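We just call them A, B and C in the order they show up, numbering each chain from 1.
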């Protein structure tokens, strides 16, 4: 692991009486693409805004590429390209005008400005839209413009807040590919609510819920951290009450759900759950209509984390 | 540099919106008509003193027009960026809050000065028929520019408080009219209170300029008024640090 | 606990705002203390007139002025009084809304808006304060403590002090504001009364009788002041008296068809040239900035040979485009003047000032102003261009209200000043109207539509 490009230490942010983020800590290291997961209102956007330099934390510290935003806000902002939620834009400016404006604000020298704008236009596949007004572009292209603005000036760190929200599947794939293309060259913090894309893109995931850190690590680490669980779905014709009694007697098993002949059970991976369930059903003389064994994936872990269910 | 970039963007937005040209031409129609009627009055009753017979009325009328016009041009400056969400984007670029404020202020002033410059056509036309002394007029226009600066700063501040252009524009009218009627309704305030209030009236400060003079007191008042409201705007943006955005 | 930081920040913000306002307030106080004012007007309109300055210079004790204004006009009086206070430290003032304090107005004798109650060394007067000269006149009143008397001759169809636009009611009011009491004067009874500062003959329709003229001439020679306003009416006796003083009264009417001032019938004479430094148009070197319109004037000029004991000079002339028409009927029919009809081409002299006799017992020479018109002093024309100034200056000069003594240089060249009023033909006025109301805004809108349209088309 390289050096920490984004560091969040015991950060709390209050808006008046409302505490949006409570005591979270995590880091993002150089060259990583980190997924930032959490339901709406979990404090994702608030955290990202603090990292982007929009406002400081109420307590705790944030470090951007080693700089302290309180001491050296401009150095921090220079290091970060930020893609805000919903990719705000000036509808009346053309793509080139807008990116030229961003390039000026990011203090790219006049001689390099055209080249810089040209290169982000190419990176984001916007060359043939360069003279269109942003307001007339489709949502997918507008997201690309948002990405281009973040990429402009080659910042080492990218903070992307829900870059794929509200796009059709083709556009989602497009943006995802463009982010994937940054792997290794940039440090990326990428927030999303689509688990598959985080799993596909990110080496590491940070999960927050209710303003608190709920989990951190690679998808595999997260699974371990939570205790890898397996799940069995059983459909049988036995009387519901009897079946529940029989299954509940298996050590370490939890009946997650049951009704109209179907049962969902969970246990940790070191139990041979399938065999044990099969045995109990056979012992009762009931017929097995279906017996399916599943391993929990990130989505399930995420859901459990954010619902704060008891684990293990 | 960042100031110029912001100003440049604002100018592009002004000059590519039909609203600006519509407002400018409405302004010119109205001030042109007022010029014509004032000129007519001058020919009939004004004697030969251009300053007292013509320019003072023309400047007075243009002041009223600008009071109506400026809030329409300032209301979008911050309110629109807040509504679009682009303001938080600006905050992530390496520039300071005061640079955003200065850029927007400079751009709006430039636009207003351009509109004002268009009204210089009146003395130019008149000078074909009658000798026009430029100096008292220069004092009047200096007064107008300073007054516009005060209006723009006030509008900028109120625009920074809300994400609704309507609220920003309406409240700017409210504040400017308040500074006007502060002394307008003399009957409502006692004589003692009036002596205290008069120095604060924005509009009494224009009197000397209108008559072709420059008083350092009025210049300093208008400049400080402008500066105060630019500072308030800065406070309003800065308060996001502890108040939260939106 | 939760809101703790936010509260602190609100109090911080309030502190910041208060601190800023205090600092800026102090800066403004400093600016008020060290203020400078530049008057960029060519006429020094923002500066008190020399007459007012002279009046204020005579104030040497506490002078209190209370102006009762109409709602909405306060600033106007405050500005004037501030300027006056800058001139004399003795002045204090109050500005009161008359509708709010009517009983205070009544207690000092003010029942109208725009009037000032003036108190100085136990003397009290009420004067209008809307114009600088009116307020200055009121102050002069209490400072001098003595009114001057102006007598208007009667019995020859002269203009009456009030009643209709052809009367001189507003002139009488203006004189009252400058501390003159107007009285009627009948010369049938003999000499001009002793306490007379000047006599005005305002447009007689009939000639004077020789004894009446005798009385006037004696009064003049004894150091009196006389203003003759003589319309184009045949007055042989008066004409004879004037020619004995070296002043020629023309039997003609001055017309200027090419310069037509709004509100006149095209027979008005417009004074375009003033002799520099004369007491009528430039008392104390301060010029009337506007021209003078004499609605139906006759020429008044000095004769070639000077008469001993009398110094007369012509001070005002019309422009090149004017004519003196000999036949009044032809002029009234609107026939164009021509040299063939023996009409005389301008410039034509219209005003003559003269000093008469030796220095009298009080060291003053008699002063005479002859103006070839009386209409310009009537209510209809008094406020047109510089008319009011001319008659008021003439009155002040003959009443020895000026500080100028000694002879004026005779050889001063006439100077052309931009004194013609602004005249636009209908076509020019329409062109201006269309240009500023239609063409210029339309060009701006068109430019905008083209620029925005081009941009939209590109995408």
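Observations
Just so it is clear, a contact is a pair of C-beta atoms (placed from the backbone, for glycine too) under 8 Å apart; a residue touches a chain by one contact, two chains touch by 3 or more.
The model shown is predicted, which means the values in this text are computed figures rather than measured ones.
When chain centres are defined as mean Cα coordinates, A lies farthest from chain B. With centres taken as mean CA coordinates, the chain nearest to the overall protein centre is B.
The chain pair with the larger count of C-beta pairs in contact, out of B-C and A-B, is B-C.
Work out the mean CA point of chain A and of chain C, and you get 85 Å between them.
If each chain is reduced to the centroid of its CA atoms, chain B and chain C end up 37 Å from each other.
The distance from the centre of chain A to the centre of chain B, each centre being the mean of the chain's C-alpha atoms, comes to 48 Å. In chain B, the residues that reach two or more other chains under the touch definition are 16-17, 242-243. Contact with two or more other chains is made by residues 5-6, 455 of chain C.
Within chain A, contacts with two or more other chains are made by residues 16, 58.
Note for the complex: chain A touches chain B at residues 15-16, 20, 49, 52-56, 58, 73-75, 77-78, 80, 82, 84-86, 88-93, 97, 101-102, 104-107, 149.
Chain B contributes residues 1-2, 4-6, 8-9, 12-13, 16-17, 84-86, 88-96, 240-245 to its touches with chain A in the complex.
In the complex of the two chains, the chain B residues touching chain C come out as 15-18, 20-22, 24-26, 28-29, 32-33, 35-36, 39-40, 42-45, 47-49, 51-52, 118, 121-122, 125, 129-131, 133, 135-136, 138-139, 183-187, 191, 194, 198-199, 204, 207-208, 211-217, 220-221, 224, 227-228, 231-232, 235, 239, 242-243.
Here chain C touches chain B in the complex through residues 5-6, 9, 13, 16-17, 20-21, 24, 27-28, 31-32, 34-43, 45-46, 69, 71-72, 74-75, 78-79, 94-97, 99-100, 262-263, 289-291, 383-386, 418-419, 421-424, 428-429, 432-433, 435-438, 440-442, 444-445, 447-449, 451-452, 455, going by the rule given at the top.
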